[in-house]
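The following pair of complexes shares a single chain, subunit A, combined with subunit B in the former and subunit C in the latter.
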Partner chain A sequence: MATQLVLEKWPGLISTVTLGAKKEEGGSRATTVKIGGENTLPLLFNEGNIPNKPAIAFEVWDIPPEDWPEELTKAYGKVLNDPFAWADKCVNEYKAQALCLRMQGTHPDFGDKGAQEAAKFVSALLKKVNVPLVITGSGDDAKDNLILPACSEAAKGERCLIGSAVQDNYKTLVASVLADGHSIIAESPIDINIAKQLNILISDMGLSLERIVINPTIGALGYGLEYAYSIMERARLAALSGDKTLASPFICFAGQEAWRAKEAKAAPDQGIIWEVITATSLIQSGADLLVMRHPAAAVKVAKYIDSLFINK
Partner chain B sequence: MALSGLDIYKLLPKTNCRQCGLATCLAFAMQLAKKAVVIEKCPFITPEAKNILEAQALPPIKLISLGSGESKLDIGNETVMFRHEEKFRNPAGLGFIIEDSLNEGQIRSALEKINRLKFERVGQALEVNLVAIKQSKDAKRFIEATKLVLSNTSLPLMLISSDPASLKGAAELSKERRPLLYCATKDNASQIGRIAKELDLPLVAAGKNIDELAQLTGELNALGVNNLILDTGSKPVTEKIWDLTQIRRQALKKSNRALGYPALVIVEAADPYEEAIEAAAYISKYAGLVLIKGIETWEVLSILTLRQNIYTDPQKPLQIEPKLYPIGQASQNSPVLITTNFSLSYYTVLGEVEASKIPSYILSVDTEGMSVLTAWAAEKFNAQSITRSLEKFGVKEAIKHKNLIIPGYVAVMSGDLEEQSGFKVIVGPKEAAGIPAFLKNLN
Partner chain C sequence: MDKFKVTFYPDNKTVTVDKDKTILSAAISAGVYINSACGGDGVCGRCKVIVRKGRVESQATGAISLEEKKKNIHLACSTIIHSDLEVEIPESSRLNFDKLTPEELEERLSGLYSKAEDIQPVRTKLEAGVFKHSPFATKLYLELPKPTLDDSISDLERLYRALRQLQEFPVVQTGLFNIRQLGELLRDSDWKVTLTLGQRDDTVEIVLVEPGDTAHKNFGLAFDIGTTTISGQLIDLNSKKILGTKATYNQQAAFGSDVITRIVYAGNSEGLEKLHNAVCDTVNEIIRDLVSEHKIDLNDLNCIVCSGNTTMIHLLLSVDPAHIRKEPYVPTANFLPVVRAAEAGININPRGLLYCVPGVSSYVGGDTTSGILSSGIYQKEQPCILIDIGTNGEIVLGNKDFLVACAASAGPAFEGSGVTSGMRASSGAIQKVTINKKDLGVTYSTIQDKKPRGICGSGYIDLISSMLEAGIIDKGGKINAAGKRIRSTDLGKEFVVCFKDETDTGSDIVINEADIENLKRSKGAIYSATAILAKHLDIELSKISKFFIAGGFGTYLDIEKAIRIGLLPDLERSKFVFIGNSALAGARQVLLSNQAMAMADKLALTITYFELSVDPKYMDEYSQALFFPHTDLARFPTVRF
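Entry: the complex of A and B
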């Protein structure tokens, strides 16, 4: 007697967010990247469609990173001192499909670059590389409110993903993103209710839910990974059950978190695998866009993603 | 799904005879549903009804024990699809396959390395669980290799052979250690099943798909073999995850007894990174036992850490021992930072303090594992509890100054804390990430 399968059909659908705009769309990117669009749980191809592979964006800073462990800095070598060469290496050597630019140099403690300088930098970088860009501030709310609008304007029409908007600081960024044709990262502190609330607040300002990507705030392997893992599973189940306000793709800063872990700095290979397992475990819970640091880790995760989608 | 009181009532004699000690059959049914009485209290229950009720009381996924003694491994007895629904109960076992074609020295050194794969993280011991010997030569070699493994590790054993005679020989030799036999298939079910039955050993049932498996477990049950582990064979990752998901759903959502056993996966990737990625994926999605070949520390630690994360009880956060922790070469002039004994709070603060390279003390206050804001709201992290901890852990004696740094989110308690503790309170950053800059600017 054949066992009757237990199949789950979901009414909900995760929205599809496109990163990057080509020439005919008003931008200058050679390629674009689509994320989201799934109507089933991660990897369960038998129950629905997963039209887009999880994507990987390589993290690139506007200044040489100070606090990166040696394992990480030696992978890039001298290019870390030249953000344009760094970005170029990611795209041409490691075949990065997208870059995540962190404007660390605008932080009051790390150079305090002004809005004009930041905007100039973004314009120059857009000329240097032709893949889609994610642009994040330095994490200093007040300063981000000054520089991100300038970066947004400098990248007008390029359909970047810009962040992060948080619950008590989103209006300035939403207004810029809306005006300049980008999408936004909505960041919540491992809290499904705040994630939902923030999506509502942002869409109330006129930015459609199709232009929001949720950053659920992750912990690295061994450092609270399971909190984000379960928050993502809960949000994804709610979204698939029909809650449109949670039906956004997830962006996860796997590299940033993994390389803070003590283990990652302890031994060769340990750091790379720490970043790899952090990333792949989050794919299991619904990550659509992974921001990664070590090129070897990114390459291994990309290969795994390809193997998951081999027949699709 | 559990039967309700009314469902149970329909199975009872409905005579209200009171011999069970309750006034009515309905009352008895309600007590049964709550598991407050046992079914034997009813003298008139039919055997059929009793069977249904007893089956109902069994866990949907059978608990299977592997090995014996201190390193015994229990897997199965899982009750949910997602860890946030309650928790995952019995951490998936991680085992290592050793080929019997290796020579004696190679087997010994592999076992030595496996025996040393023990770690401690966030106050918990992380350990590997099993060694599997895989036959690739004749019965004599398989038995020699089994002997070698038996005498060189105390971990539970698994015997992998497609030759019933070899399997039986090795099983008889090692039966005291309760090895897991691999495996029964539709072609050899009765032969292998009899070995498992005779020696009373757990057995892997392997089939291409869940239909074949369900039929096979039925045949094995009929032979009296009930301690089973399921395997759907070698497949690409997504198909494997589909099988594991389907097996878990069958057991939990349809109470399908034929598939109500833990499942194992043999990872075949040769590259250690790929092997770790796959092992991690299967641990997250429902494998009860994962077998790999790689024994490098960095690979195994990452897999075991992931298992620790996934199997952490979401309702009971990991805690650390509350006390005063010196970080780096802390001296009497070092700053004192206060946080909770929630592991994640503590380790996050610890990471940032270490990153600052400024020797410091961290006082971990007993908040029953709650994070800063939760504990503050629950009055477990306030002027009283911090003052108690300051006294209990001798902070006054450890330092010469009188300054305490509290998390920015609980700045509001500063006044109370100064009054009660006699220390001066400095409000630190809200997020741990701000600690290095904060400490650098402290003086």
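Entry: the complex of A and C
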């Protein structure tokens, strides 16, 4: 008699978030990216439906990054000084599905660009590239509250993913995202309860849970990866068990974290390996959207994803 | 070494202190009371004094504003004396040891005994039938046959023989004091005497022999030794009648508002003695008032039963509580033998007995045992919960087969301490609040309808619930609205509940985001302890058949609002039962029946203490509870904002 596999069925379903809007949807993107939508644990294809592959967004900054290690800056070369050329290179040369724009130049310590300038920049970038955009602020709450609404308005209708909303500062961003038809990144400090609370607070303001992507905050390999892994796993188990307030896809800033590790800078190629291992581990814990830095690492991870989904 | 003279006004008391002492320590040496909720850590800001003359050095603290600094206002606890001083203690920093007014007493004790019986006739019935009347001290009038040559047994044996003819008493001792005067006393009283018999575990002591028939004068006292309030009842042990009840603040409050600061204080030189004296003074004052009001002789008070938390009982008996605070949190004793009240410094009949209801552990004390006894949860078929919401909340889950207790450190926010406009539930405290959703206008009621002075615990619960309802705060507790009542401060945004022109104090009554955070932690601690206890025993909260709420705070609590903010679990409302001051009720039962006393001993042995801090799931439960009403909204199905 053939062995019968015990299959686990879950009542819950992760919501599907679409990044980017095509012309007929009121935007100007040539492509869109869907993330989430699974009703089973990562990669258990036999147990449920995993309609969307994990996606990768390339990180692009509005100013030349000061703290990136040489191995990383070397990969992009001169384009780092020109965000439009940088974005263009990611899309055309590395075939990026999406870009994650970091508005670092608006930070009071790194240029202090104003809201108008930021909005103009986003409009220009949207004209330059036609893939979906993730837009993040500089991490300075007060400043983000000024510039992100402007960026949101500039990108109105393009269905961007904008962040980050945090527990102590989410209202301004939620209001903008709600008005301009985007989705939001809800960031919590590796804490499943805060992740859930923030989702409730955001949905209380009228933004539906289907427009939230959780940034659970992750650690790189050797820097708390397993902690992030278990938090993501717990959140996913709760969501699949029927908790709608946690049933959002995950966005993970793998590149940012991996390149902070001192090991990533210790020997040639090691940084790429660090970023790849961090990203692939996160895929196994449920990451739906990875924000990556090194093109070689991103390409490797994209290949890995394709091989995982070969039978799909 | 330099010595300085410090004079305190308006008390006009002078004390000489060593260099480098603080004003607060000088005040304590002078026997002048200054409010000091934090026990001198410089955080509560309650000990503000005005330095009229002399040099001092103050540590910088956020509690003193620039304006106050100009007026020479300093925190007594963090100000070092550098010369002879004249210090004025303003009204706001004085501890008001006046007895509670009759109205306040009414408020504080409402639901206590007679009131609770009005509210809960069912429970009263239960109580009446439980224990047979056999008080802690019994008086027996005996007429002894005079000795003859044929009947020449000794005086003492004659006494025993007469006793045995009535009933077989296992007399253990009589006391040399009684024996020494027995011969004279029997003959002077023509062999007609009254014995006072005291219970000592399973045996009986002849406490006192008095001439003539005084059997009708047999009184006892039941006391609840609370960290904040001490209540006492005078009871006629023959008729079981409560003759009077009094309550006043525990004078130990001068040395810190919670048990931990008092334990720390007890470690100072003479600290234990001062704390012991403070609690004895408070108890004796209540006794004095009770006896004078009811025209009873102190010598007719034959026994006293006290229930209190473990630390309070240690301090009452002048036993060092130091180890309660240190891992692994072991008290000197949970079970204390019956002792003479006089040994503990309590003024009743010098040979009168004192019994302290036994505790379970360092943080689950005899007050909880009393609560279990008086709520009767140890007899219930179905699992019940007993909860005492205080600075140190105690939670008991159990039925006739098992009892498990834990202590949740909730902090003093619900007792009105550590929050900007907090106060105790006394005259002028805002206790009910409603907020108009449209214009955010506030309607409130205060205790005794006085001009508002602050907000008490139940007022805070109402306020937070109303603010959630009106959308002023989000479920995380952040202020989320704009209007003339909302202002930005260093401590985050604040909401003005009453503007200063309406208040008694002349200052605005406000709640800020830090206060809300504080109250959120308090309610989170209580709820999560309840939830984890149930989870640990694998009992769903919905299966709990009765939810008893004890303590003065419980009496004013609006169940609906308490559920809305997530303090109490979302159960059928009919399951909640207020039982008032169950510590006092339990003490009274013990006083009136040796069966109850034996049961208290048995219960204290039966209760399993559950240490929350060692449960790895507790932190997770706790952080889930830091949300209004709860991160897991499914647990509060009836709550919608």
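A few remarks follow.
Quick note on the criterion: the second predicted complex is superposed on the first by the 308 of 312 C-alpha atoms of A that agree within 3 Å, B and C clash if a C-alpha of one lies under 4 Å from a C-alpha of the other, contacts with A are read in each partner's own complex, and residues count from 1 in each chain.
Definition applied: contacts are C-beta pairs under 8 Å (C-beta built on N, C-alpha and C of every residue); 3 or more make two chains touch, one makes a residue touch a chain.
Here the structure is a predicted model, which is why all the values come from computation and not from measurement.
Steric overlap between subunit B and subunit C is absent once the structures are superposed on subunit A; the two fit side by side.
When the two structures are aligned on the shared chain, A:Lys127 is found in touch with neither subunit B nor subunit C. Once chain A of one complex is fitted onto chain A of the other, the partner contacts of A:Gly219 are limited to subunit B, with no touch recorded for subunit C. In the superposition on chain A, A:Asp191 makes contact with subunit C only, while subunit B stays out of contact range.
Once the two complexes are laid over each other on the shared chain, residue contacts for A:Lys171 go to subunit C alone; subunit B is not touched.
Of note, the Cα-centre angle with subunit A at its vertex and subunit B and subunit C at its ends comes out at 70 degrees, rounded to the nearest 10. Considering which of subunit B and subunit C touches more of subunit A, the answer is B.
Judged by the touch definition given at the top, the superposed model places A:Lys78 against neither subunit B nor subunit C. Once the two complexes are laid over each other on the shared chain, residue contacts for A:Ile200 go to subunit C alone; subunit B is not touched. Closest CA pair between subunit B and subunit C after superposition: 8 Å apart. Every residue of subunit C that touches subunit A in the complex is listed here, in rising order: 474-476, 478, 480, 620, 623-624, 626-627, 631-634, 641. Per the touch definition, subunit B reaches subunit A in the complex via residues 82-84, 121-122, 210-211, 214, 236-238, 241-242, 245-246, 249-250, 253-254, 256, 258-259, 273-274, 276-277, 280-281, 284-285, 296-299, 301-303, 305-306, 308-310, 312, 314, 344, 347-348, 351, 354-355, 433, 437. Only residues 167-168, 171, 191, 193-194, 196-197, 200-201, 204, 243, 245 of subunit A touch subunit C when the two sit together in their complex. Touching subunit B in their complex are the following residues of subunit A: 2-6, 43-46, 67, 109, 139, 219, 221-227, 229-230, 233-234, 237, 260-263, 267-270, 272-274, 276-277, 280-281, 284-285, 300-301, 303-304, 307-308, 310-311.
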